[in-house]
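Quick heads-up: structures coming right below.
Note that chain A is present in both complexes that follow, paired respectively with chain B and with chain C.
Now for the complex of A and B:
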């Protein structure tokens, strides 16, 4: 196995007394697409900022492309592309100018930057908007421009902090497609998200993070096999009656989980579990049998759902 | 896009004691270039107002009011009133331009545009950003100062050849105000805080011997005013344009050299702790 491009051991970040990130350890191989999945406040962005060499760790070890960000911040940043959680495009500049100027910040020559800018506008499907004002772009276009901008220096590692939050399904699929292409070209991707479908789409491997700590690690499918059953039955009885129904359901499937708005039955055969529930005299308002997802893995690991 | 694997070249980074924020990558010119591009794209109206404001002041106060006042005594020499206030206005406009660029502009970029956050995710260090922003402001201020001095020359208000030195002096003054202003602005979190800056500047503007000589004040008050940067600025520029020279002018230069150094150290530290925590 080639040596990892990112290596973190017992990585910790304290803000005053509170630990935003608490002893994270993980490795990312070159060309891999690695995910950090977790709810709000889990410490995903904080981790990304430390990996991006713009935030100093409180303790632990961190190596990016074989360098320590405490010592070689600029050399590391020269080889990273960063897509922050909230767009920070330069609103005083036009679309193409944003790319030109950003390339110049890396010390690239005018000629190189001009050529890259045109290629990237094409890549982001923004060529016809080259002269537009940034504020006149839609949310999805801004996001694509931010991604294009992050590629101006041909980064070896691309850090994407919630790349598709706030976008409609179509815009998300366009973005995922662009990210796939980069991956095919050998760019290492690090993605944070709290959407399990995004994690399943984009990540070869991921860690589930909660309260600054890693709860589980593995490929999306492997995590589902390990921490959940094949199928899940979702039953809704109305919030007052859920608790009573749960008592009746004891022993159905592998495990029964009671949420404020619904009951989940984990079972390898969902239909059979549903029949059993009906046989026991329950009449849910709605019922649904679906495949397990990373959401269920998260619920199993933390007792909370990913999106509150 | 092409998948070339050449890593981006890094400029020889000047590293002081390591740390996540190596302070300087020798590339403030990219920040300056950004300033020009932004002005061309969107900001040119602000630039034009900065041009005309001091000239209007000079015409109305200097020539209008001056015809009633006659002459003012500078270091034992009688000087026409317009020639007395013109260097004051030049110093004030250098200060105002520098303050505008380093406070409102910087405040906005810091809190709404998140501009510096984006810059510092590249190989730029905080000193590149601070220097780039300040030098860009100085270039603008320099152009204003040149036009204003051309007007002064046309009106016969430059009384000595040393007036030529007023131009570098104005840049020095603007540099001092801009570097300190940017550092102070980094502490401002809301628009209310920004008003405090104006609150501090107004009395300085009115008191700093811009419109009348320092000798009108009682001596203890004179000491206080002499400690203020605007008085230092006005007295320096006035000495040069009127040709009433003294060793005191060198002290003013030193005053601003210290102000620039403190301002840059302070601003760089702040940018680093804000964006490279």
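Now for the complex of A and C:
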């Protein structure tokens, strides 16, 4: 494995007494697409800010492109692209102007910035909006402009903090397509998300973070194999009867989970598990056999109760 | 440059680094803010041209005719308009500075949070603070420069030393505005703090800083307002420049030192507070 572009060891960030990030260790290889998954408040954004060299860690070791963010913040940031959770575009400026002013922060000449801006507007499918006001853009367009802005310096690492939160499905798919192209060009991506489909789409490898700590690590498929079964059967009997049905289902599949509205059977062969349920005399109102997803892993690891 | 920045330099096609953000970062911040000027240029220019004309009309024609009867020995033997115009020029700079160092700072941190984006690029919090100061100096220089040109044209300020009124007014604006910016950088929620500053700091300061009457007219227990007020110090310096030295040399030195100190201390705290706020 080539030497990692990001190396975190026992990374820790305290706010007063609370640990937002607690002894996090991970590595990201060049060209890799790495995901930080976790519920709200898990410490994803704090980690991203430390990796982005704008937040000083409380303790632990952190190396970005071989440099320590405490010592070489500006040198590191010169080679990063950052897409923050909220688009902090300049709403007082036009679309293209946002790219022009941002490119200057990297010391690029006006001529270079102007050329890059046009290329990136094209990449972000915003060329026809170059002169529009930022406020007149849709959410998806603003997001694409923020991504275009983050690429103005040809970054070696692109940090994306919840890139598609709040976007409609069309906008998300366009964004994923653009990000996938960057990945193909060899840009290292670090993505935080709480959308499991996004993680499966974009990430080669990911860590599931909860309460500032890593709960699991691996490729999406490997995590599914490790923490879930190949398939899941979802049965609904009506909320009154689920508990009784669960007793009858004992021993079917690898594991049975009772939720308020339905029962989940984790099994490698879903159809077989469903047949067994019917053979035991159960008649669910609805039944569904599906592939296991990262969402099952996520909920298993971080629990089902609402985190607020 | 260091070896580590090599890949980015190759990628961007720059052979050397003439515009290194470590050196030029503050200027890039100012450049960004200057780019927004077209959005408010018309009202800003109208104010910049209109207000000196209004002051000249009101104090040169209106109030002056009333005061003439009482003689002008109390204000150093000059006409009232010559006495008051340098003060209004300095007060105008303070007004522009107040706007940029209250709402302007709050914009960057919160309402149009561009400072966070700048900091994600190689720009340091120190450069963000300095860049906003630089931009405000440029804005003050334009509005105060217009004021000065009009005042010179009407003979209310005198050449050649009157040209010094411009840097004096800018220093006064910074001495007042930058400490305010240090405070603005700490505000998380707008609960009308800036309106309070306007009413309880800017307004009394403008009234009791020897602007429309000499500070010595006030009882001694009110004169301290002038002594700490950047506006009094800049106004007195501006008068010294405009119609000849009316104060002893040591006092002129005091004016300069107080203004420079207020600016420098404000700058240091503004930088510290910006750093604290951005590095969470």
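Here, the second predicted complex is superposed on the first by the 302 of 308 C-alpha atoms of A that agree within 3 Å, B and C clash if a C-alpha of one lies under 4 Å from a C-alpha of the other, contacts with A are read in each partner's own complex, and residues count from 1 in each chain.
In the analysis below, contacts are C-beta pairs under 8 Å (C-beta built on N, C-alpha and C of every residue); 3 or more make two chains touch, one makes a residue touch a chain.
Just so it is clear, the structure is predicted and the values come from calculations on it, not from any experiment.
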Which superposed partner A:302 touches (first chain B, second chain C, both, neither): neither
Which of chain B and chain C A:151 touches, first, second, both or neither: first
Chain B versus chain C as contact partner of A:123, first or second or both or neither: first
Contacts of A:185 with chain B and chain C, given as first, second, both or neither: first
Which superposed partner A:97 touches (first chain B, second chain C, both, neither): both
Which superposed partner A:25 touches (first chain B, second chain C, both, neither): neither
Touching partner for A:225 - first (chain B), second (chain C), both, neither: neither
Which superposed partner A:69 touches (first chain B, second chain C, both, neither): first
Those residues of chain A which chain B touches in one complex and chain C touches in the other: 52, 54-56, 73-75, 77-80, 82, 84, 86, 88-93, 97, 100-102, 104-108, 116, 153-156
Residue ranges of chain C in contact with chain A within the complex: 2, 4-5, 7-8, 11-14, 17-22, 24-25, 28, 31-32, 35-36, 39, 112-114, 116-124, 278-280
Chain A residues touching chain C - in the complex, by the definition given at the top: 49, 52, 54-56, 65-67, 72-75, 77-80, 82, 84, 86, 88-93, 97, 100-102, 104-109, 112, 116, 149, 153-156
In the complex with chain B, residue positions of chain A that touch it: 52-56, 69-71, 73-75, 77-80, 82, 84, 86, 88-94, 97, 100-102, 104-108, 116, 119-120, 122-123, 151, 153-156, 185-186
Footprint of chain A on chain B - complex, ascending: 1-11, 13, 18-22, 25, 27, 30-31, 33-34, 37-38, 41-43, 113-115, 117-125, 275-277
